[in-house]
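Two complexes follow with chain A in common, the first pairing it with chain B and the second with chain C.
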Partner chain A sequence: MGTVVDKLKAKSAVKKTPQDLYVRPSDIPQGLFVACEKCHAAIYQKELDENLRVCPHCQYHFRLNAAERIRVTLDEGSFSELFSKLTSVNPLGMPEYDDKLAKSQALSNMKEAFVGGIGAIDGIQVAFGVLDPFFMMGSMGSVVGEKMTRLVEYATKAKLPLIVFSGSGGARMQEGIFSLMQMAKTSMAVKRHSDAGLLFISVLTDPTTGGVAASFASLGDILIAEQGALIGFAGPRVIKQTIQQDLPEGFQTAEFQLKHGQVDLVAKRRQIKPLLAKLLRLHQPGAMK
Partner chain B sequence: MIPKVLIANRGEIAVRIIRACHEMGLTTVAVYSTADKDALHVRLADEAVCIGGAPARESYLNINNVIAAAIATGATMIHPGYGFLSENAQFAEIVERCNIAFVGPSAATMRTMGDKATAKKKARAARVPVLLGSDGTIASLDEGLRVAKQVGFPVMLKAANGGGGRGISIIRSATEFKPIYERTSLEAETNFGNGSLYVEKYIEAPRHIEAQILADKHGNVLFLGERDCSLQRRNQKMIEETPSPLVDVGLRIRMGQAAIRLAKAIKYVNAGTIEFLIDEKGNFYFIEMNSRLQVEHPVTECVTGIDIVKEQIRIAMNQPLALKQNQVKTSGHAIECRVNAEDTDNNFMPMPGKIERLMIPGGPGIRVDTHIYAGYAVPPYYDSLLAKVIAYAPTRREAIDKMRVALRHFVVEGIKTNIDILAYVMENETFIDGRFDTGFITRLLESAK
Partner chain C sequence: MNAIREDAIWAKIKLARHPKRPTSQTVIPLIVDDFIELFGDRAFADDRSFITGVGRFEGMPVTVIAQEKGISTPERIERNFGMPHPEGYRKALRAMKQAAKFQRPIIVFIDTPGAYPGIGAEERGQAQAIANNLFEMTSIKTPIIAFVISEGGSGGALAIGVADKVYMLDNSIYSVLSPEGFASILFKDSTLAKKAAALMKLTSEDLLSFKIIDGIVKEAEGGFHENVELTVKHMRQIIKRDLRQLGKLSEDDLLERRYERFRRMGVVAEEK
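Let's look at the complex of A and B:
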């Protein structure tokens, strides 16, 4: 039975090629790749970071937390934080609010959704604020409003230009009317900064909506929107349910708002720092001489 | 468990690597594009995974898909071959991070040598001669002229953003400098969107010689001799040989020592090639390092008896090199001709298509590395290399004769090839006398117009 070769093989063992064993189980470690939230392509984490967390395939701009925003916007090591000790309380005794705050604080290693301080862009000193969309959706309660207000007041006093990156769902529901009061308070502070002849550049990132969009974020002398950001007051779903109509294509995107005169320009993330540097230089005393 | 090697490549080199793996008792995984489903490497490997569409960026350059194929098949090692992802540092890094052995240098080394300015700096630090010139781009006409006078005319003006032989001007005297500088800068501005230039010494009629090295993870580095790659058309090598008819023992030793110094300085691991230009006086200058296997590696294998691909795999398995430098003995002469699917009467246009009839040459001293077979359709998506014919004989003259006959016996019907031109070169007096430089093929083809 079988061929001659089969019989030969059955009779005497085939000598195996000697091989030093060098085998490690291969696997893709956790976090090596991330999926794009828009096009779902797998992106090498490091490549995503080097690309300022913009998808290299579809240009989707991942949201940045406050620390990342500071890193990609300000000169390295130039940032020093102000008013960092302010923390929220639960003025209305809202159930679960304390837990939510504690959880956000633990996850983000921050005390509140707003970080403000002094930094430099291409060597030019600025008062810099950023809302972190990962901290309770960057919502504005009394402490966020207070930190923003104090930053603006500091900038006014120190005669510094002000740059604020917004990324927020709006007023913080858990603080009710206290949150709504922050809209007026921050707006008044911005007005005094403006009256002092100082520059305020507001950068609207994904998402800038609700009470933040309806107060200081829309009050910049120059409004820059980051590419693809959702910008509006009420969200598209709420509007659709209210008016019972389909919304136009690209409704409330940065590009839509530019087309309808609500922002001055839309920029890719990589363009924002050079753009800010240029605008700051142009607005320095004597720049136009 | 037997190590499993995924070959992230196609064509003759994938076949070459699969053979080496099988000889070593390793199992292999081929990857292929939809255009390559009938390719030889797919048939020879133990397993094969389709990794995407015909365009290379969808398949052979698609890092995610190659990695996914490796993980899915449980590959423990990836050999990248040449071209495609072989010098992609990010790919090497991801492979390492996935606990897969990469057959090649570390991602960090690849990054260092991939940046021309850094590579040059490293070479200079390792006392390897580099072409004199400006440190980066020149700021002004005056600075350019000053550097040019320092290095001595003739010099080259190169566009910082140029490439592939474009954006280069040659200046032979100080009086020519201003007009040529202005013209080149304007051209660079128009063509590459950046008018900045740098100055480099120009070598008249240079030879292109490269040094093959092997380095293990234990700090041992071997120099396996040089290859003469001067016979090129439009910067594409056509014919390579070793030893170079131009290089004498003294030059070989100096070049080899320089190559070893550089490899040790950058802690190089695996097979690598250091490219030099050689001027008429026999001075050599570092141009770049290729941190991968070279197409023309078989000529070195013939004269040294060392299987470079197997050594690469052993190095990737952390094994120390078995030989010491004084045990590397070379003998004889080897020549390689690259047979391409191209129309030599029509500006060497690539000629994909179906191979109707095929006769592959043979006989003692003839080696043919190829992936083609009768009935195989050459896809239009990749390079046009069909086969490498390697002739090996005790002397250069005998190797040339062997090659001449082998090429005459090489029959490919159905598509056009460059075999006739290669065969002609084997009969050309200047080539046989070994008096050629990098412009030889271009001048030869010009003379036939």
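Let's look at the complex of A and C:
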């Protein structure tokens, strides 16, 4: 054999480094096929894209970057980005952080892990934010917190519903206490949006953990978890180390969170946009009449 | 030079974690008279890593919300080493809402290595409980003054730390996660905690310079346990001064200032 698919199978079996996460199987130019990251079945690249990057064999939801998420969620051409000029600095002078940022920027062609702006879903205008899980694990430092806060404040002022897709490992360690404080800052902004009677739908995608899960991502009026997503406060490795026991099957999956009453719905990727459209319509001013 | 700095910071952390360091249960009666402890979250359990209740500060009714690590080994186990479960955060929020209802100021003592990472904690929504406190504290219409006693670990500390004024005891630390956790993520080796601690900027001086906290509470040369009275006296002075100042504000101004206090936090660059 020795085909690209075999190589990809071999590759997916080894432990991934953060760098590997950027170079996804689909990025290999000669590959007409992609190996599913879960069942390892060979999938036509084109078929995978048409299926919104969900494995047609095992329903594994490949992680989406910010641009892909915008493409599959918002009406075509409706998105206009806000606050795009914010960039991170290295406030604690943490070693290697500048390099990591530069590398992530070069690989992703984005300035930071959060993209926010205005877009439309089935013609309904929304303030829209997305965390890119490929950009430093979607971690929240000062810029992610600031962009999210500005987006929420914009939505409050413009009386817009807010939709945010989270995909994040949590607070960005390299910015220390500043990252921690973004949890308070973003949550406080969400409170004001909520007090203004406006709708916030938070969509939790793989992974939503740590300081992002323990702040704005859990504060939607409605929480939608994408099928199969890892959702929780502490990472499974930390919990395992702490309790010195194996974790139950399916622990911290979207389905686990639904069972324990922590999210409103679990949805397949293809269902999310129509679901958002329906919910938005239900919450439109005058919908009661 | 680096080694000297590492040693100095590690010495502070050792004082923060000193086995004799007074915990909330020692501090509360020295600050609050006639303290009545009130238990439970009314939904699942009473989380023993939290002490909540009411009492008087110089005659004025106050609510106390405190994390408690415990003193003896059996008590430390009972208190889960000060690592709360979701019911602890919900118990704290219940106390806060009651304080707002009866217009009692809130005095918070933060003392936790972090929220507990366990199966039950996840099943009952640790992330949701913490997030909800951050959200609700935005509009608790009564002054909130917080002190970090020893360790302010991560979201588990911040979940009761959205206050109008935040202070740290001189030898306490407040950080995004423990130096051990940081070392295991950054260096893949938790034994390099000392090295990590020096990089993290988690001392009271660091946080004051970042304007994350409003002041530093004095400690004796050998740490809080060497002269409890000195530290408690300073805390009482701070509470008295702040309650007088914060008490003059209208509810709207109080909440606006609280919002702005956290709104300005973070360091970013913005291209023209």
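We take it that the second predicted complex is superposed on the first by the 260 of 289 C-alpha atoms of A that agree within 3 Å, B and C clash if a C-alpha of one lies under 4 Å from a C-alpha of the other, contacts with A are read in each partner's own complex, and residues count from 1 in each chain.
One rule holds for everything that comes next: a residue touches a chain if its C-beta (ideal position, glycine included) is under 8 Å from a C-beta of that chain, and two chains touch if they have at least 3 such contacts.
These numbers come from a predicted model, not from an experiment.
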*Who does A:Met183 touch here: chain B (first), chain C (second), both, or neither?*
second
*Touching partner for A:Phe33 - first (chain B), second (chain C), both, neither*: first
*May I ask you to name which of chain B and chain C touches more residues of chain A?*
C
*Once the shared chain is lined up, is A:Met173 touching chain B (first), chain C (second), both, or neither of them?*
second
*asked:* One more residue to check, A:Thr253. First (chain B), second (chain C), both or neither?
replied: neither
*Of the partners chain B and chain C, which touch A:Ser104 in the superposed model: first, second, both, neither?*
neither
*asked:* Looking at A:Thr73 after the superposition, I want to know if it touches chain B, chain C, both of them or none. Which is it: first, second, both, neither?
replied: neither
*asked:* By the touch definition at the top of the document, which applies to A:Ser139: first (chain B), second (chain C), both, or neither?
replied: neither
*Under the contact definition given at the top, report the residues of chain A touching chain B in one complex and chain C in the other.*
none
*Along chain A, where are the residues that touch chain C in the complex?*
85-89, 91-92, 94-95, 141-143, 145-146, 149, 171, 173, 175-185, 187-192, 194-195, 209-211, 213-219, 231-235, 238-239, 242-243, 247-248, 251-252, 260-262
_Taking the touch rule as given, give the residues of chain C at its contact with chain A in the complex, in rising order._
115-119, 121-128, 130-132, 134-136, 138-139, 154-155, 158-159, 161-162, 174-177, 181-182, 185-186, 199-202, 206-207, 210, 212, 258-259, 262-263, 265-272
_chain B-facing residues of chain A, complex_ = 16-29, 32-33, 41-42, 44, 46-47
_Footprint of chain A on chain B - complex, ascending_ = 1-3, 23-26, 63-64, 67, 70-71, 74-76, 90, 93-94, 97-101, 317-319
